């Protein structure tokens, strides 16, 4: 499953609204909109739903996290091998709700690359984003934690954060794609994010907990193709 | 899926030998032996394989770990809801490779009980086993970490640990079932464990990495029904 | 420095009000009240102030935490040897702001005992208190986290928690002394805690952040000796 | 206490050989050699010894770690305020034995700077060093973990690691001073490290556990001033 930019990446978190069958329905809605508008939409379901969702849809599926430990005596860990084996094509790393040590991020990126998994590393500030881009992830997603789940979009409330993040990250590693997230709920938020230099958005509650997620996704996609 | 005792609980860990299709084959072998001998055999696959294995076999499936956080903004966590939804009937907790805080163990047990999930809490010493039995898990598995993966069985090398664990745990909470683990590789190890008062075994490499896991499981089961 | 019961144990936390010279003044006030009323008052200063305070006063000094790792290649850890060497006679463990794994608590208690350091293990619930008492600490302090720093005393708001904690802990390990904490701000809170079966109180903001800590301590001590 | 380069920074770890009075003697030896050769030598004692050592010697004293949490309800944490108050002038961060989350490193650096504390951030690889230099520490110390305590010096065994680290770090942040560590035991190791572009060394067992630490320090210092 190929990831292209601009990218809309939906983090399912552990919301009940995205668990099991509801998660499959959301992935199918994402797939429909993706096909209709020719925009790449990816989903990051809960661990135990990844395999089923990856079977049911033809859009990129991400894990929400993985552990760099090699296969072996590691009870309760998420190996890159199991993520790959379940049909995912990439993973989030270092989300604000699952922060990682700097050396663990490097190890996780290295292990993911070896297996051909894409990595989207989250950062709370431009400076941390700049730092993490040195570790060669495919994407860095800037998310000011105070705006996550707030309904106040980062692209409107803190445009300078996205702008400086893009500049700082590209100065260290021009190959890294910059996403942004936190509080994104409609197409104008997405559009503004693109204008500021980001190449995609990481969304969660704004889509997952919406009354009509497909409508929100259509709004995002139509704005991006206008 | 009902768990009965004596119980053979197979921890898949993150071995490559138990990932994906190989994990399904192992679960089917366990199912065959379980049916043949009328002995309860349960499996604890890697997170991303739980759903598929729970669909394919009719033996109890456990998670290797879960997080007590409620559904919501918790990226990269394993909710009890997702474990239940995937078809598992219980979970390991506090394995020596995934130790937890004391208060987290209580929260995880409470959350699991609310959803009807069984809990098997691991402990490194008799005294920690005694302590954790106060938190009302269904099972406590005693595993001296230095014997895990050693091929030297706890029931032969440290019989006094199992004996004292059974006594100490029952003195605090007679309802708790005591399992033992670490280094168990053949039927005589299992038999000895039962004689010392345990009601089951937690096994991993001894089965998963065996040349012929079904043969090992048959040896375990036949000894228990002799 | 001998600890006797009833015990008033003052957790300095990392308040500015208890740092450096202000911490020494508070310890001296505690020493005066202790001498005046013949009641044991102990202090748990910030790590870097322990040595100085232990030199300046003749009351028991506790660490707020310690790590069980043996002396060696462990940069940035607090060894029991360093706590002992600095003149402290004991330590808090597993405070709600510094929770520990169950096995680490056992290791920390064992290491402390070997060096003659007293241990006061904190627990958020009666049941966790019961569990931790199996690990043979000298004291268990019950502190419902939601009341910490609230000004609403556990002894008045949740008397049943203290009562059940005392019963459950004594049923497992009669040698353990039960303290209680959270929200204790005056003598009637302390008195009520004693009536419910606790043998001391663990206090922090109620004393440290008081306008006149000595007055609060006098109120505590005079109530206990009335 | 001013830090100048080349810098010899002695990490006391939690060795018994550097605890209490032995730690003071080592600091006094470092002070003598520092004065004799005009080379900056700093020490990083165990937390509870910092205050006393900072009083007894006139060389820079570092903490081995600190926590970024603000003063307040944080039991068992090491605040920058307490490090400063005890007389230290800086801190190690992210040592291989005390790794930190990427965002915590940024917060710790920010908090340290606010109080005028120097930061020396450790990294296991050139790439992690490059990443962490973006967070604006004063120093980055490159230490391949497999060589720590080995007696095989990084400057001889992995010269290319130091060389690439210096280049990569300076490309992101020319203001950062690069130290190197792991396995350094004599003056030729130090000299080689300087030739490769590092501006100092981080040493531990090579000095602390030496039969005659002062002799080793003299060897280091004389090589640097030759």
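Per-chain residue numbering starts at 1, and chain names A, B, C and D are given in the order in which the chains are listed.
By definition in this document, a contact is a pair of C-beta atoms (placed from the backbone, for glycine too) under 8 Å apart; a residue touches a chain by one contact, two chains touch by 3 or more.
To keep track of the chains, here are their UniProt names: A, B, C, D = Triosephosphate isomerase.
Keep in mind that this is a model prediction, so the values were computed, not measured.
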Fill in the blank from the handout: One copy, chain B (Triosephosphate isomerase), sits on the other, chain C (Triosephosphate isomerase), after a C-alpha rotation whose size in degrees, in steps of 5, is 180
Handout entry: Numbering shared by both copies at the chain D (Triosephosphate isomerase)-chain C (Triosephosphate isomerase) contact, with half separating same from different
Key = same
Problem - Most remote chain, CA-based centroid, reference being chain C (Triosephosphate isomerase) - result: A
Practice task
Starting from the mean Cα coordinates of chain C (Triosephosphate isomerase) and chain D (Triosephosphate isomerase), work out the distance between those two points in Å.
Solution key: 34
Exercise for the section: Determine the centre-to-centre distance between chain B (Triosephosphate isomerase) and chain D (Triosephosphate isomerase), using the mean Cα coordinates as centres, and give it in whole Å. Expected result: 45
Handout entry: Where chain D (Triosephosphate isomerase) touches two or more other chains at once, by residue number
Key = none
Problem - Contact footprint of chain D (Triosephosphate isomerase) on chain C (Triosephosphate isomerase) as seen in their complex - result: 11, 13-16, 19-20, 46-52, 64-65, 69, 71-79, 81-83, 85-86, 92, 95-98, 148-149, 204-205
Completion exercise
Residue positions on chain C (Triosephosphate isomerase) within touch of chain B (Triosephosphate isomerase) in the complex are 94, 99-106, 123-125, 127-128, 130-136, 168, 172
